[in-house]
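Can you read through this structure? Questions will come right after.
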Amino acid sequence: MTSSTPNADISGAGKPRVGLFVTCLVDMFRPTVGFSAVKLLEEAGCEVDVPMDQTCCGQPAFNSGDKASAKKVARPLIDMFADYDYVVAPSGSCAGMIKKHFPELFADEPAMLDQVNALSAKTHELVSFLTDVMKIDAVAASFEGKVTYHDSCSGLRELGVKQQPRKLLNSVQGLEISELSEPESCCGFGGTFCVKYPEISGKMVGEKTDDIKSTGAKTLLAGDMGCLMNMAGKLAREGSDIEVRHVAEVLADMTMEAAPIAGKKGEQAS
Amino acid sequence: MNVSTSPKFKENVHGALRDESLQRALGRLKTGFRDKRLAAINNLPEFEALRDQACDIKNHTLENLDHYLLKFEENVKANGGHVHWCADAAEARETVLRICRDKDAKSVLKGKSMISEEIGLNDFLEKEDLKVVETDLGEYIIQLRHEPPSHIIAPAIHVHKEQVADSFRETHKGRDPNRSLAEPRELLDEAREVMREHFFAADIGITGANFLIAETGTSVIVTNEGNGDLTQTLSRVHIAIASLEKVVPTLEDASSILRVLARSATGQEMSSYTTFSTGPRREDDLDGPQEYHVILLDNGRSNMLGTEFQDMLRCIRCAACMNHCPVYGAVGGHAYGWVYPGPMGSVLTPSLIGVDEAGHLPNASTFCGKCEEVCPMRIPLPKMMRHWREREFEKHLSPASMRFGIKAWAFLASRPRLYRTATGLAAKVMNKMAGGRGRLAKLPLAGGWTQIRDLPAPQGQNGKTFKELWAEKQAQKARGSK
Amino acid sequence: MRNSAKVSSRDAILGRIRQSLGREAGQYDAPKDVLDRLSAPKSNAVVPARAQISHDQQVALFEQMAIDVNATVVHTAGFEDIPREVARFLAEHNLPARVKTSPDVNISGLPWSETALEVTAGVAGPEDAVSVTSSFGGVAETGSLMLRSGAQTPYTLNMLPDTHIAVVKASEIVGTYEEIWARLRTEDGQGNMPRTFLWVTGPSRTGDIEQTIQLGAHGPRRLHIVIVDDQAS
């Protein structure tokens, strides 16, 4: 891993302390992404800690209109992560929830304002944290073949994650990016949307998988587990042998540690 | 009036997804609108600054809405026009009818107006034995087909040319039955000819308004066909129907917003015709309407002011949100079940017909944020859809299963130890069910997911969660360092 | 609907607006910034830089933008050349040699008899296929013609005929819409507008059938702009 100009804030003091917000989907469905994040952060010079009492960012409740439940889940995080220099999540969606929506969620509690804003200010999505804060511009990883990259909506539009993953992927040995024709169009996941409106979601993810197939890539990457599970599940249902992985697994050179999301193809799902 | 099918949104969606002709039409949104918009804004370096400015102008206007409306009224009157304040759709319809009756009118020409759709004006006037003809080609096509518009600036976007030809053959009697109507040009030429007869025979011309200008008492329409101009110029009486929030302070303010309107809508630098109409024809004018009326419609707008939905009143009806919306792009406009489709409709419709009626609309969004990204007036559409979900939740309108699910999940997620146990268990069960294949084709209670796609199973190592594995590692490390 | 009901709707709507905006009872006068904005309208801060160029460049930009939206453009040295140009254009496009001009003496008083055209002045009717009108001006930033209605310039001429030939003086082409409003206020007095003021940006068009752009929907199919180079450059 190389950095162009070490961040002044960081090079001065000791190692920056990062609290990893694992996210509920990574915790339950894809631990490798969590370990990839830890590896990338440590290699970038951070000290990483994982608060064990973390659960979820509260987004499912927030987006369902249940603010009370969202607050109930969100509130403990504010204390839990108060002492870290940074909070990093391997998800634009969950990082966006904390960074952009916590201040909105707690807007009616002036007493919380300072704490919430402080948390918001130091929360980052993993890949953009590596490039924009830690000034990393290359990783020590190799991955043979053509990949394509889907820009997950929250990361892209709430946090401006667009060039950062491409920049680091371009430093991966043997990797070639073949862009989607519509990399910024939504995959149709949308949290509870995909189960509330499966037909619309199905149409959207179908268009996405068509686009993915037409790139000729053998691997699909993205930075959010929700989108990845949606697209991987659809590709699997269609019998495609395109493999799906979180971008962190490739950047951390940990693709040998786990089979792709939704497993190797060629066998029917049970 | 104007019954909605919004409660049947899911059924509408089911039909729309299987409608091949609709799907073909929706496939043209990219080249027809999105690519053109992108080219237009790339051609104007100030576009982002113009968006901010347009947004500021509207915010200022909304904060002073009473003052600007009164000034507008004063100036319409000073120019010899009439202003009719109408609280709701029924009052607006009655007011239009009264003007028609006063003038002993038989026929009404319509320029394209979404407000007229909102108040269900055509059906109402037809029931009162007035002949109503839509003059915008798209509106004319859907009028012949007895359909509502499926898009706010391209109302017949869902109709293919063979269907247009069928409607024309059926309606335009006395023409050669063997004439060719295969090409868009032939269809347009016939419509133009037919419409000419209507233009010269009209008593009343009704248009909408893109802007009302307080400084001068002017109503503005923006069109490409020129039908709105002929409608309002050749008729004896011009009625402009507009909702309250269309007012802007000055000619300069309208011009500033016009710089983002067409570019966002059709990707044109400016629409073909931008028409500023003030009062009736002047004494020495050789043409133009003898009377000028403005219907100022509230229909719920005043109640949106000062609430979390106030920003929606900045909307200039450019349709960029629906042109870019993946949900609109999948199902088209009719599925939304009322007048306004797409993201702007998902926010506005619940305000106008009630969230109990239109509850699906703000829920049928992934919050991908594309609509807000392209909205020239920077309306936070996803945020406002979320506000509707909050209102639904408060009013107990959301489905009981969903409410229960969220509450149960929040109960767990706010109890870390219990959460760890439960998720650990769930991960292991799913992992076992997948039997090493890495995915599940079916899972109880997850029908909405597995109807469409497999569910990736929690990854190997027997479905241990990250936190379990992390704890093991930390423990190993601790032992190792002893 | 009775008159009293109308009055009450006005009051009810204003009442709701005032309540929503948090106005205090009786404090309904417009604040100074609102009054100033209305009494001395100003250009907003952001105006496209593309038209902030020399006048000659503005004329060239106007021409290019108009051509980009399917208008045709020619220059003539003076007004007296217009009849010949109109005759040439109509012959070239195989159009009838019959035109309706605006009663404006600048147009109707031209030496039309030098051509074989049949020329009358007045409002447009169903039989008129070609119109020739004067213009209030042109705006370079989008190639838009500015047309006002009036006794000399009936509105129907802009919209009914299949072919609209519009004459604009180079000296009256400006960069932006704001410059047009400033001139209109100077000429007509602030707050005064003609019945209709029209911006024309290219000929009539529609995309309503399968999003295929067709010219000549209800308004003119052809827009031909004659720029009279009335200034030595």
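Letters A, B and C mark the chains in the order given here, with residues in each chain numbered from 1 onward.
Here, a residue touches a chain if its C-beta (ideal position, glycine included) is under 8 Å from a C-beta of that chain, and two chains touch if they have at least 3 such contacts.
Please read these numbers as outputs of a predicted model, since none were measured by experiment.
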Innermost chain, taking as reference the mean of every protein Cα atom displayed: B
Remotest chain, chain A as reference, centres from CA atoms: C
Separation of mean Cα positions, chain C and chain B [Å, integer]: 29
Between chain A and chain C, centroid-to-centroid distance (C-alpha), Å: 53
Centre-to-centre distance between chain B and chain A (centres being mean Cα positions), rounded to whole Å: 32
Residues within chain B bordering two or more other chains: none
Where chain C touches two or more other chains at once, by residue number: none
Contact footprint of chain B on chain A as seen in their complex: 22, 24, 26-35, 50, 52-56, 58, 60-67, 69-70, 72-73, 76, 104, 153-154, 156-158, 184-186, 188-205, 228-230, 232-234, 236-237, 258-264, 267-270
Residue ranges of chain B in contact with chain A within the complex: 10, 13-14, 17, 326-327, 330-331, 363-370, 372-373, 383, 386, 388-394, 398, 402-403, 406-407, 409-410, 412-414, 416, 419-420, 423, 426-427, 433-441, 446-449, 451-461, 464-467, 469-471
Contact footprint of chain B on chain C as seen in their complex: 1, 5-6, 9-10, 12-14, 16-23, 28, 30-31, 34, 37-38, 41-50, 65, 68-69, 103, 122-123, 126, 141-144, 149-151, 154-156, 158-160, 177-178, 181, 191-212, 214, 216-220
Touching residues on chain B, where the partner in the complex is chain C: 25, 28, 31-32, 44-46, 49-50, 52-53, 57, 63-71, 75, 79, 84-87, 91, 94-95, 98, 135-138, 141, 154-157, 160-161, 164, 184-185, 187-188, 192, 195-196, 199-200, 214-218, 224-227, 229-230, 233-234, 244, 249-253, 255-256, 258-259, 266, 268-282, 284-288, 296, 298, 302-307
